[in-house]
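As written, the chains take the letters A, B, C, D, E, F and G, and residue 1 is the first residue of each chain.
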């Protein structure tokens, strides 16, 4: 089994399954914070996926995207918690 | 939000993100990145800072109102476009210096254009977000 | 002053590594760049005199990695087996760490080791509240962290 | 001739803008203009009499075939003389009539505009130039009718008059253009040779319709006549000038002008006969019921205009001759009567003919003028009118198959007209003077001399009709295409049928005058007919239009954004969907497509679910966080398909948008959730159709090969010429740097907008 | 003059805007600079027009990349005329704004946005690149959003939501069309597209792309049934802003329609029929709307819609004569509609209301001003020989020529209604004596009389200036018609345009 | 050799991620889910990044990968703390089998101050 | 893969419009956002999909040696994304401002003036 095959047929599918699982949590909630957590995890998995994809496509360029994701996802989390904290029960 | 962890993280992230934004800006001509994303990352650094430390401390840090970044950046962009006119080339023709500089590589007016973009993006994003934060 | 300088140097290295260009000019540029960034960002934080701490840092890193792996496996086991063995609870952990940096690093380390998660830091900075997954004995847990993570971390930082 | 016309406009501009500075005798000074012009046109009489025609050609808009072409022939001269002649009298008359009025400058300004435009109408040889002046007469009429603009009735009448004549004007314009298109020229002169071509054209009926729409509205023909009585709200000299002697005859002029071009065709003749016939009877009939002096005159004018149209409709040589003379006659006596009515109104303060009596005792010269005009109107021998009436009967008697009917109509009309003539010209002066009028005295000579002058003029030409025949009338009917005969007007034809008819008319008129006394009761009686008069019908049409307009506008523009959007999308889907189904062979080729890998399929399904979560989630927050998921999936697609720059930007911007949303949504009211199943289903269908439409188009475009020359050029030269390796960035800052420059400007503007919107205090505004 | 000259009209606006941003809140300086800059740009506009008139099409390859690879700026007579008329309006509005715009609005960026907006307009006229056009459109709409909301009054906000939503929808459709266009041809340069589109065999797809562009531009030009945003919004902003909107915003959509459907997508019979029907519906819809509105500016809004129909009619008839007429109408409309709203602003200042039943007595109080206004109104109606009259001749001619009687009827109705509503407005606002106030109503103090003479002049001068221009268009119709015919001829024969942009070889390949 | 290392590292990384994913689905309460995810992903992503380091063997890639790891180490616990805090204060309940809650009653709803001791005065 | 993209684009356009037709201002805005994303994806798709090869010339070469994704759509989308960011931020603030003025998220509360005559 070549590295390419391993990554394509084991790692990527495994990551995809993880994604699905997390997304399932995202959908069922039950409350908004669960979704925020799920989103954060989704993005982490995304970082992993992009990293693996950069090996698969033999192109380090994509790592930059992963880096941006890592840097910026945090802002989203901060914003969501900010929102929830300020908003309390307006929904 | 005055949360210690966030505050600390934001304070350390600020220089790191700014550095990173310049990195993204300068290498845009060779690899993914450029003035836009660079500017966005820089603004995110400041926004993070403001969310953690309060708007006033970020404003104090910036010294100038982010609003003035906008005309400043626009001026740089437009001047870099005007430069070729003095050599008799059409507007926005990219001029290149003869010798490459270390790190950045060849310096051309396109780089200044990108710097202008960078500044405008910072100015715009921060103006928008700060204004909103103030009025929320 | 010195702290600032050290951070400046650190950032310079980060820059050089990031760009992957080891020419002198790049160091100079990186230095200038981080200088200006620091100047403009004017970060106030505690720097450290590194060199005598490097071994401790490395030691801490390995300790931390080990803890992380160990705990991760425990959680992993619990996650994939049908029954839960958890006894979760929130524990107030009195802080010895004082500065923001100390608190933050400690909190991060605690959070990164599985089974524990910082939920809040009290606004007077005297305590942090830790969510623990396998809480057998509250005092024993506090003791472990105090002597393990916190002590080692403070050794590096102080 | 251009100068003659322009002089009027120039003086008008001076008057309008310097109106207030004009005081004292300046109106008299202005009157020099029409007098001069009258003299000027008189100098053409000999030439015209010899059969000459005068031309002037000044290029104006050559690229549209529009030149300031002027032509002076008999017809033009007749009208020019009327315009300037009556104009002179009216100018003089007004100086006294409106003495001391604050807006007298304005008034003379309008009058000058009118006179100049009217001259323009009758002198223009170019149809479109004619139309220009035509419209200017309408607008000056608008201003003159509305001269007393603080009076609501006056405003309404002027609006009505302009609406009717202006509306007709647009038809006329269309007609002119159509005729121009067919004949290839706008020059009336050149058009003469295309007469046959025009008459045989399949759009001939349309041409007639359009031309007549213009002419009939202007000349107050049934059923468009009703604006004219309303126009009597204008100061009386204006009524005399515009609404009796000149402007309303512009339509007649036009028909006369077109007689050699479009005339002599059954459609032409029959339409004119029917419309003219109805109008003359209708107008005359109505005139006998009025008690307002000006009302009487207005309806009798309508009738007279009907007679003219009718005569033009008969179209024989006799008829044309009768029409030419009648134009002149009518101008003389009707203008006179109006001016007299003006004096009476001015001095006694009433125009109610049932109250007026015995004024001869206080204003004898006016009574003479009135008598002359009334006799003229009745066609008493020795007046020119008698000649004209003879000519009319001659024309109807010789009009072929329907001669009897035509003659009967003519007699009936003339009887009524004689009656109304007596009523307006004699009734106020005879009988005993009521006490309330004992203080009345004769006004300044400027007011009573003009009508007297007109009356005497009628008498003079009646006695010596040969003054006119060869010098003026002959060229007139030549201009109308009857250029084979010699005209000789005679007062006395000997005892024949025509004379009998004339006598009958006069006698019946007198009898009628003796029996019928004007009274309010009779006015009210005829008023009952109003419920189905053309005016009522028009008004209810207008009301209906307004109602429809209101309903339609409220339906289309109902205030609901979603309704607007629905209509837009519905239109888009219908238009493009229809075209797609009809004209595109929808096919699916998947052979060139890239393979689907499992992880892409999963990202795809996640994205779809996220989108539907956005749409259907009951919580705003969940919708927004799902938006993040969606953006992040897009980001992954961008990575998979080689667009790291896009992925970065998309992700950063999504995050920033989230922050924005979060900051803004904090204080919004609860997320709106309205359950409206029907609307949801309907919108769902529409949205689905739209989505499918775009998808199908996208699939079809994918089937087409794409030319990659340009992107290849970028790729080949990015490094060599653009000195960069990230082609996207090279495009952004170099190849297509302009887009980027503009795009940061967009951001700038957005920032300013946000800043200003949030910072500005509403208290600072107004 | 180098070819860089072409982009001066937009660069100068941009530079001015930037300078004004630096001078934020210093409104006196802003006013002076803005007016001076507009004068300079007008001069540039005149020179540019003369240049294109004399020497034909001028191009500038931005960044020195040969077309179709870079972005090309093209000044042909059409675009330079648009720039010229736009600059005239810009100057007038900027002078008017110095007094007509509230100080608070100036302090919050009115003038910078004003210049950005005109930069966008000029850019849209001068660009020869489809995507670049999109970008300029975005400048225009975002500036208009800002101007529309500047001041933040409630009605402004309400209408802004609709305005923004529909304009953004239009942008999306425009972008969709660009996507398809690129997918079909791989090119964005208009001249290049002109060649490439002609070579595509799948005409169905080509026309669908064209129709999508039509929807996108149609929303911006406010044609039936895409016009809703216009009557929803034009009555809310201050008059100077409404003047820009009324005079220019829809026109840039019209410009784009003309450009696209004469250069890239030559309409087939289906499309011309569609255009004709849309023109008819637009004329009627606008006319019906204007009949019922009693607020002056709402009525004007519907008249804008109505008169857009005349321009679309030109496309529907699609002959040289018709196009020339529509172009003439376009030029006339820019000036007159701008002026119309300026006039309404003065009326509002005098009377404090736009509601016609409440207005009155203007003619008695301001006779000379009223007569000037009357000329503006009559130009709008197309009273000959004022400017609105001449183009109709062409359109009627073409209508008869093409046997499109429905269109002619619609044009007659539209003309008639315009005449009627304007005349009615005149009788109400100018002739009628002002109705007495309700007892509980506060008396409005005439905001015009109290102005200093110089301020009055600043308000009236632009109106007079534009009136003079429209008088010129009317009496010097020959010149405008020659220009319009010239442009129309260029539209019917695209080869000079293509040659100017791509060079001679491009045509040979074709 | 490198390939095997890469496979091992990436395999480990994916394993941790998978576990975290299962955890987030299965765990019975919010804090447990939060707890499970934060570190597992950090570790998992870290391993995967290490494998890229080995694969490309390029300094700039190495720096980038390390930068990402560093970043995650710095931010994800902070993020988790933010979320955890907010959740707790907005009333998210602990799992029914929880044994201790020392945070209860330390948060002042009015002043939004979190004390280290129980609220005074009530 | 093109097929999935096509479906996705259709869904984005459809749901975007569907949301715009609801009565909530927020939904209107989100709808516009979806439409914008749909348009971007459409540009991306119609510029032809090339997997895993960004239009970045490798550091040791001066021209492309392998296939690469078309850079033009990417630069167009970039521009479009940024522009819509500008428009969206403006629109979001407008929404807030409208809410402050009318106190409602309901678009139907905004039609008070359209019907005025």
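The rule is short, and it goes like this: a contact is a pair of C-beta atoms (placed from the backbone, for glycine too) under 8 Å apart; a residue touches a chain by one contact, two chains touch by 3 or more.
The structure presented is a predicted model; accordingly, all values stated were derived computationally and were not measured.
The set of chains touching subunit B and also touching subunit C is given as F.
Least step count on the touch graph, subunit C to subunit G: 2. Among the chains present, the centre nearest to the common Cα mean is that of E.
With centres defined by CA atoms alone, the chain at the far end from subunit G is D. Ranked by distance of CA centroids from subunit F, the top chain is D. Taking each chain's centre as the mean of its C-alpha atoms, subunit D lies 26 Å from subunit E. Centre-to-centre separation between subunit B and subunit E, using Cα means, comes to 36 Å. The mean-CA centres of subunit D and subunit G are about 49 angstrom from one another, to the nearest whole unit. One simple way to say how far apart two chains are is to compare their mean CA positions; for subunit A and subunit G this gives 22 Å.
Looking at subunit C, residues 14, 18-19, 104, 107-108, 118, 121, 123 sit in touch with two or more other chains. Shared contact sites, meaning residues of subunit F that touch two or more other chains, fall at 22, 34, 42, 58, 60, 64, 67, 74-78, 80-82, 85.
Counting only residues that touch two or more partner chains, subunit A has 15, 19, 36, 53, 61-62, 64-65, 67-68, 71-75, 78-82, 85. Chain pairs recorded as touching, per the definition above, are A-B, A-D, A-F, A-G, B-C, B-D, B-E, B-F, B-G, C-F, D-E, D-G, E-G. In the complex of the two chains, the subunit G residues touching subunit D come out as 1-24, 26-28, 30, 33-34, 37-38, 40-42, 44-59, 62-64, 68-72, 74-79, 81-83, 85-90, 92-97, 99, 103-108, 110-115, 117.
Taken together, the subunit D residues at the contact with subunit G in this complex read 550, 554, 557-562, 565-566, 569, 590, 593-597, 600-601, 604, 607-608, 611-612, 614-615, 620, 623-624, 627, 630-631, 634, 637-638, 640-646, 649-650, 653, 656-657, 660-661, 664-665, 667-674, 679, 683-684, 686-688, 690-692, 694-695, 698-699, 701-702, 706, 708, 710-711, 714-716, 718-720, 725-728, 731-732, 736, 739-740, 743-744, 746-747, 749-751, 753-754, 757-758.
By the touch criterion stated above, subunit E contacts subunit D in their complex at residues 14, 21, 62-63, 65, 68-71, 102-105, 107-109, 112-113, 116, 119-120, 123, 127, 131-132, 135-136, 138-139, 142-143, 145-146, 149-153, 161-162, 165-166, 169, 173, 176, 180, 182-188, 196, 200, 202-205, 207-208, 211-212, 215, 219, 225-226, 228-229, 231-232, 270, 274, 285, 288-289, 291-292, 302, 363-364, 367-368, 371, 378, 383-385, 389-390, 392-394, 396-397, 400-401, 408, 412, 415-416, 419-420, 423-424, 427, 430-433, 477-478, 481-482, 485.
Chain contact summary for the complex, subunit D toward subunit B: residues 644-645, 648-649, 652-653, 655-656, 659-660, 663-664, 666-667, 722-726, 728-730, 732-734, 737-738, 740-741, 744-745, 747-748, 750-751, 754-755, 758-759. In the complex of the two chains, the subunit F residues touching subunit C come out as 15-16, 19, 22-23, 26-29, 31-32, 34-36, 38-40, 42-43, 58-60, 62-64, 67, 73-74, 76-78, 80-81, 84-85, 88, 94-95, 97-104, 106, 113-116.
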